């Protein structure tokens, strides 16, 4: 725990009467890949979203690089700029080209010159395999292509941490591997990542730590080998038996 | 849906009652300054004439202004039209055997007087109506029964305007479609003409300081200057720059009716009724009655 | 008809005034209406309430009343401009509330996920609005704005009663000079408004096609 990048301590969150995060403690070391698993409604997406404060929390603390998350305003915007986020539904800016989507943040948030930002953006599009789609608008791209543009957009900010909120759940099966390939390449390059997903293969292959959530609690955590081969809790066993049934 | 409508009706009924009660209260202080005119008991007119029609109907529709103190005005106190033009109307009605309560006074503004006559919305118009050739192409005029002149009304403390030649760069208000606004436009092009539908609006703007002068017939302006509501606020400049013979407007071509109206006016000149009417209305602010102008029985 | 032809210069002057009124009030309404819409969606509650109150009050007030307020009310508060400026103020105050509601509907049509994505890359509220939300909102409301501006063009004729010599006021003046020319004058004036509003619709439908292609 010497080089912790993200630390959550006693984090609680309610949606009305629903207690969606219960006393969550989680540490992520620099360069680590944490995969969060769990049935739907377990609070794993919310966990992802509280880290860059798209959802405010009720109690507890969240720190990035030892600094607490600012509550609002410019400081919060600067904090978010250091955390990339990839959404289930891509959320590309539909009035901008792929290149425009990727270059927007570096230009407007980081204050980089247009030519400079666009050069980097082209490199990133090349890295996700979409060099030829730079001038396409989102409506002209497939889901898998859109999600890879979204990853490039997140990377363009040179983030300390990448959050993935079910990045492949809205994709047709044949597109999933394109996205996962990019994610595995990122994991291998040493990017710190928190990934909420149902892709067990990705978890086995890329995760340093697997966190299993159910009903707002972290029920179990460990290496992929420990979790998949020797789950200790009944809830985890139950979950795995359903997932791996087919 | 029925219930709210019933409530609405009830609301209006209550409102109407309150208004009626409010009006009734004012009867006490509504002093009648107007001279008494005796309504003719026995009237006889040639069959088929307009006079016979009106006398038979027992009512007459008279277009007048409702916003010109001293001439044709509805004051808040009495809620009845009053003034010089209104009294001339009552005089004519009396000669037709029509009681003043049976006169229907209809508001005419400068811009719609010809249209109201040609469209048969009124029988006659007595509304500071200047006789001119252009209008004579559409309507006929009896009279004149008074001759006014265009003048300027300014704020009491404004000594920069002492005649029409001081109007360059000044905002001068008159009513849309009136002779005064046309004259300001053509004869004093350096003034900035301002147009509203009524003189009340012009005077309101003058009081608010948004415009510099109101221009129309001296006698109308004198009415505003003397109105207790505006006491000490305005003065009439007193440099008349036109001649405005006021006539009674009637449908074009009805010469028989026109002769009758002219006869009524001439009789009133002779027997002193005209002077009485003047003293009771325009003269109330101290002005003495001038000589009445000779009527013009143009062919 | 000869009379109308003789007076063509005056009639054109009237329409030039109408166009000036519509263009000035339109431009200002676009600015103020957008500001109001931003107020209505911003995270500061007092601004949201102020925006909502403004729109509720002004949208439900007859335009003539707004004109009376500007032309007769403002001078009483020692605020004095030309009657033309008063008319622009009245039309702007009124039209802004309609522009606001149009822009707000455009803002609501922007996918909430894109707004989250903008916040996630670190754009503050103002830039999220100006770079992501408003550009898309305006593309979506081109047809709505078109009808707001056509209504504005016709609404300029209310200024006839408030001492602005726009097209309708010229119509009234000329009709007064020669009542027999009423119908020719009416037809010519109506045609003039039609030319302006058709030109507006044409411009807006071209704009609509252009932004549709870019969407």
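Note that the chains are named A, B and C in the order they appear, and that numbering of residues resets to 1 at the start of each chain.
The rule is simple: a contact is a pair of C-beta atoms (placed from the backbone, for glycine too) under 8 Å apart; a residue touches a chain by one contact, two chains touch by 3 or more.
The structure displayed is predicted, hence computed values, not measured ones.
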item	value
Both-way neighbours, i.e. chains that touch subunit C and touch subunit B	none
Two chains sharing the most C-beta contacts	A-C
Chain centroid nearest the full-protein CA centroid	C
Centre-of-Cα separation between subunit C and subunit B, whole angstrom	39
Rounded Å distance between subunit A and subunit B, as computed from the means of their C-alpha atoms	83
Length of the line joining the C-alpha centres of subunit A and subunit C, rounded to whole Å	46
Complex contact set, residues of subunit A against subunit C	52, 54, 73-74, 77-85, 87, 89-95, 104-105, 108-109, 137, 139, 150, 153-154, 157
In the complex, subunit C residues that touch subunit A	111, 113-114, 116-124, 127, 131-132, 135-136, 139, 214-215
Residue numbers on subunit C that touch subunit B, as the complex places them	72, 75-76, 78, 80, 83, 161-163, 165, 169, 172-173, 176-177, 179
Contact set on subunit B toward subunit C in their complex	111, 114-115, 118, 134, 138, 173, 176-177, 182, 194-197, 201, 204-205, 208-210
